[in-house]
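In the two complexes below, chain A is the common chain; its partner is chain B in one and chain C in the other.
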Partner chain A sequence: MAEFFGATVEDVFKTQDARFRAEDAKGVDAVVAYDITGEGGGRWRVTVRDSRAVTEKVTGSDFGAFTTKITTDAETFIGVTVGKIDGTAAFTSGRVKIEGDMKIVALLPRLFTKYSPPSRGVSARDIIATFPERFRPEAAKGLDAAIGYNLAGEGGGQWTAVVKDGRLEMREGLAENLTVNQTVGARDYVDLMLGKLDPMVAIGAGRLRITGDMEVAKVLPKLFRKYEPKEVERGPELIVLKKTISVGMRFSTGPVMGRFLEGLKGRKIFANVCPSCGRRQLPPREVCAVCRCRAGEFVEVGPEGVLVNVEICYYASPDPLTGETRETPYGTSNILLDGCRGTETFWHYIKREDLFDVKRGSRVRPVWAESRTGSVHDIKYFEMVR
Partner chain B sequence: MKKPKKNRNVGIIGVGQTIYSSHREDVNQAEMVHEAVALALKDAGLTRDDIDCVVHGNMELFEMVHQPDIWHTIATGAYGKSAFRLTTGGTTGTTVVCAADNLVASGLYDIVVAIGFEKLQEGHTTGGITNMADPLWGRHLQTGALTDATAQAMIREFGEERALRAAMRMRVQMDKHACLNPNSHRSFGLDYSQIDDLMKNSPRLVGELRLIHMCSQSDGACAVIFAGEEKAKKLSDKPVWVRDHITVHREETFTMYSLDPADRDPSSHRIAAQRLFERNGITNPVEYFDVFEMYDPSAWWGLDWLRDFMLLDGDEHLKMVENDEILIGGKMVMNPSGGVVAANPIGATAIVRVAEAALQVRGDAGRHQAPGGVRHALASGFGGTYWTVLVMLEKDLDWQEVSADG
Partner chain C sequence: MDATGGKRGEQQTADEEHACCKVVEGKLALPYQYFAGRVGSRFIISLRDGKRILGVRCDACGRVFVPPRQTCERCFSDLSEKWVELSDTGEIVNFTVVRYEDRHLPRKPPFVLALIRLRGADTPMAHIVEGVAPENVRIGMNVRAVFADKTTNCILDIDHFEPV
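Then we have the complex of A and B:
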């Protein structure tokens, strides 16, 4: 079987079930069909159900019923699996195709620890063995904890570090009542210890999972001196500094925008009118940009109107105002409120449940928030008039 | 619109670009900027001491460094010299070019270097872009730079099948060019045979705007050196002349949508092109320009905007794509570099258009050089909520000035 990046497709699937993480698979019911084409390829079916994973080679041409099908060539499959080919680029360019439920693909890195080709060099077991010599009793004062290391894959295993009275005792296996448990692939664990893998990235990607008492988890790095690999040639260290800027802001609205926002409190939408060209501005601006004259007259428009443009967003972008990832799909729209003409549209959200029913030309109305403070959120969204 | 009066002609005498990639963790911002500046100086056969003035720019909020030009002083060579920082959104790269051209044309400085850079991996691009919308209303609704309004309008105008196919064909054409450009961030090796597949299967971002259509987030820097006519002729065997440039700002965010397309204002792209070509006596831009480096953030915008920039009507822009007229070797080559969908270090993206257009005019673009001798080139910048900059480059100082009232 053809080998790419030090592994065959068969190698990957042979270890698939051993890399399964039952604890992350609760409620998952999926069949993933893998059609790996070209030299070294083949067909596999991975079923995740009732917190169990079963991987089977498919001999015929029929995969049977599947939730999701992933089609790619053997080189790309292995390259992406071992991290040598950028998965996003492979997906973007069409080298990896996905049919059916996309969500399960995003879940896969959580359901299975990462496959690592047979390791060369230091193993997770080697690093665990250095715990006693790296332990810092002074940092463990007053700490009474059982810390689990669940390191799957070659060179891995399960250990519990019991810390009590400033002493460390290493035990094989995971204790019953762990204070903190860490689940990570053995290869990833080595990379984390060598600084090749960023812990936040590993957590974000679902490759490192920490459960239990987070206060104790936070002090773990202090309990041990940094692991220093022996007799390994090291290049210059490239440091990346992490910074977060978070500042509170306050913006004056001014009298024109202020009048508009005040109107929203009373469930009214005001546009202002250019005395020269007559166009209505929504939200109102101080002057008409085209005629460069002050637009002082306010008129009430809407609140119902007609949809002119609907955008259905599938990209799970983070909302920079909250840091939360937006639930997708969601819709933004431009609405020609009653009393407006031409391009005098109003920008707001569309009700999620109406997203696939509304069209250009649909009549919509605002759904007002119970509590209104003079902000864009005074209108929750626009909904279809049925 | 009267053509601005130059006191003297200005030539581009040096171009430097870093490679563009998803991350440059091997260098810090200043080091990355220095790579581009050093390459531009080498290209021009100059040293830092020969530069009279530095114009520096990038996106304002993407890395959250308030005045990166101060940090970058030793990298740009600005120490002890006149230096300016400009930031105008996506157009920044072309704005620093316009400023450098103006500074030299005025006679104030003989040699000016314009620099654009971005390290998008160091910050939060969508956060930065969303903060560009006004904080009183639009910031809450903005979804980064993703929209499928253009796709929907083109589908309405040309029918679904033709519009989807033309946009994807342009995407493949851009990728064919990107594969010839060693600086590309993304070159996939796409083929026309994948068009049907990508039309259906590339994941959706917004409506019919799919992942494959959209530009990347890249790290990189670009520097271009400008000199007055006398020095340019002395210092360079083949200076590229900046004939004219134009900037057009509109408030199109507010007036982009209507039920009847006839209601829509002409875009800032079309207005910029109309004014620039009129005052330079160019009646048929497709015939006139040999190369057009367009700021094309997505294949849909690239396709739609070709009509505006080239002052085309009806489906003429679709035909240019369908007949491969924009490919290297075609009638009017668009983005021989691969364009913005191939690499997008945003604060550098627009100056890269000018740098690449200049290399094409010089005949120094290497594997992605358009054949047959490029004499007239156009570069565009795009930013904010529809702002346009256009820069016209010429091989020879032989153009006829249109009357002052033109």
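Then we have the complex of A and C:
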């Protein structure tokens, strides 16, 4: 079978059920049909139901009933699976075709841990084996904890590190009463230990999941000396620096935008009106953008409205107010609030749970933040009126 | 309520206008990854591990580039294996005094940022000059590299230059 990026299509589906994360599949009932074309391709059907996943090879030409069908060539499929090809770009360029329910496609990365091609270097198992020699009893004083390592995929497995009275005992399998449980793909775990994958990035991307007592989870890195790979990779050292440019900014609102923000504090949405053409501007601006005359009069609009346009963002971009990268997918929309006409729309977020249900014309209402400070985030998002 | 359902507001007085002015704090954080390249990596590693400043010489036109680059800007020759070692001393060919403070800057102002041509090099490199008051810096001044105690894997493995 043709190999791309160090894996075959068969490899990916063989490990599919082992990579399933039942805890994220509650209430999911779906059949995903995969039509992988070209050299090294084939047909598979993945059924997720009752918190179980079943992957089967389809021999005939008929997939039977499916919720979603994904059609792509073998190289693209493996590239997207291992993260070498951008999935969104492959979809927009037409190399990946999706029929049926799109919602399931967005869910897939949460339902299955990422596939990692067979590791050629150190394995997660090798690293786990170094725990006893790297253990620092002085850092474990007073700690009584069972720490689970659930490392799926090639070279992985399940282990529990039992720490008590400054001593460490490693056990195969996950103990019943874990203090902390860590679920991560075996290859990702190796990358985390080698410093090639940033833990915060891994958590953000849903590739590393830590549950249980977070206070204990925080001290975990101190319990062990840093893992040093025994075999140094060949070839000259290359320098890569990971940096963050961080620029502080201050926006001055002026009196008009300021009045709008002040209104949000009191759960009121204000537009201002052009005295010449009667347009409403939302958010209000000092001057009518069409007539170029001062627009002073404020009127309250909304708070409910109708969706005019919805945009779902799959590319994370930093929020200019916080510098944090937003979790994807997120939805933004233009909303025609009650009392506004034509193009006098208001822009805001759509509630994540409503993202795939809203349509043009859906009626929505704002969900206000508990504590409001006179900021655009005083509205958390708009939700569907059901 | 007006005809379209909005509630009529009032014109703001000057005091009300003033009270409404706000300042919103924002922050733009852009994570990125910088790759020094094969040639750049060797340059930094020799600063870091050997306290040696390397450049490259173009055989075709004879010019010595510091910091090194992979390709000669004039004749496009491949310079990636044409290493030469430079002296740690050189002369200031131009300079400026940085007088504003920002956190991306390597020093508190005022400090001197100079173009320094090392002995044996044809191109100058930018670096910090310390050990001389900004008003006393002159073009043509001889300076020597002072290496950093702690590595940052970048050009600041030379901490600064100081007058000889």
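Brief remarks on what is shown
Everything that follows uses one rule, which is that the second predicted complex is superposed on the first by the 233 of 386 C-alpha atoms of A that agree within 3 Å, B and C clash if a C-alpha of one lies under 4 Å from a C-alpha of the other, contacts with A are read in each partner's own complex, and residues count from 1 in each chain.
The definition used in the following text is that a residue touches a chain if its C-beta (ideal position, glycine included) is under 8 Å from a C-beta of that chain, and two chains touch if they have at least 3 such contacts.
No experiment lies behind these values; they were computed from the predicted model shown.
By the touch criterion defined above, A:A289 lies against chain B but remains apart from chain C after alignment on the C-alpha atoms of chain A.
When the shared chain is aligned, chain B comes close enough to touch A:Y349, but chain C does not. Contacts of A:C313 after superposition on the shared chain: chain B is touched, whereas chain C is not. When the two structures are aligned on the shared chain, A:R280 is found in touch with chain C, with no touch to chain B.
Of the two partner chains, chain C is the only one touched by A:P255; chain B is not.
In the superposition on chain A, the residues of chain A contacting both chain B and chain C are 238, 240, 243, 245, 249, 251, 253, 257, 261, 318, 320-321, 341, 375. Interface residues of chain A, counted against chain B in their complex, comprise 86, 89, 91-95, 97-99, 102, 238, 240, 243, 245, 249, 251, 253, 257, 261, 281-283, 285, 289, 306, 308-309, 311-315, 317-318, 320-321, 332, 334, 336, 341-345, 347-349, 360-361, 375-377. Put simply, chain A touches chain C in their complex at residues 236-259, 261-262, 270-271, 280, 296-301, 318, 320-325, 338-341, 374-375. Residues 2, 4-12, 16-18, 20-38, 40-42, 44-45, 103-104, 153-154 of chain C are the ones touching chain A in the complex.
Residues of chain B touching chain A in their complex: 22, 25-26, 64, 124, 126-127, 130-131, 135-141, 143-144, 146-149, 152, 186, 188-190, 194, 197-198, 201-207, 211-212, 250-251, 254-260, 263-265.
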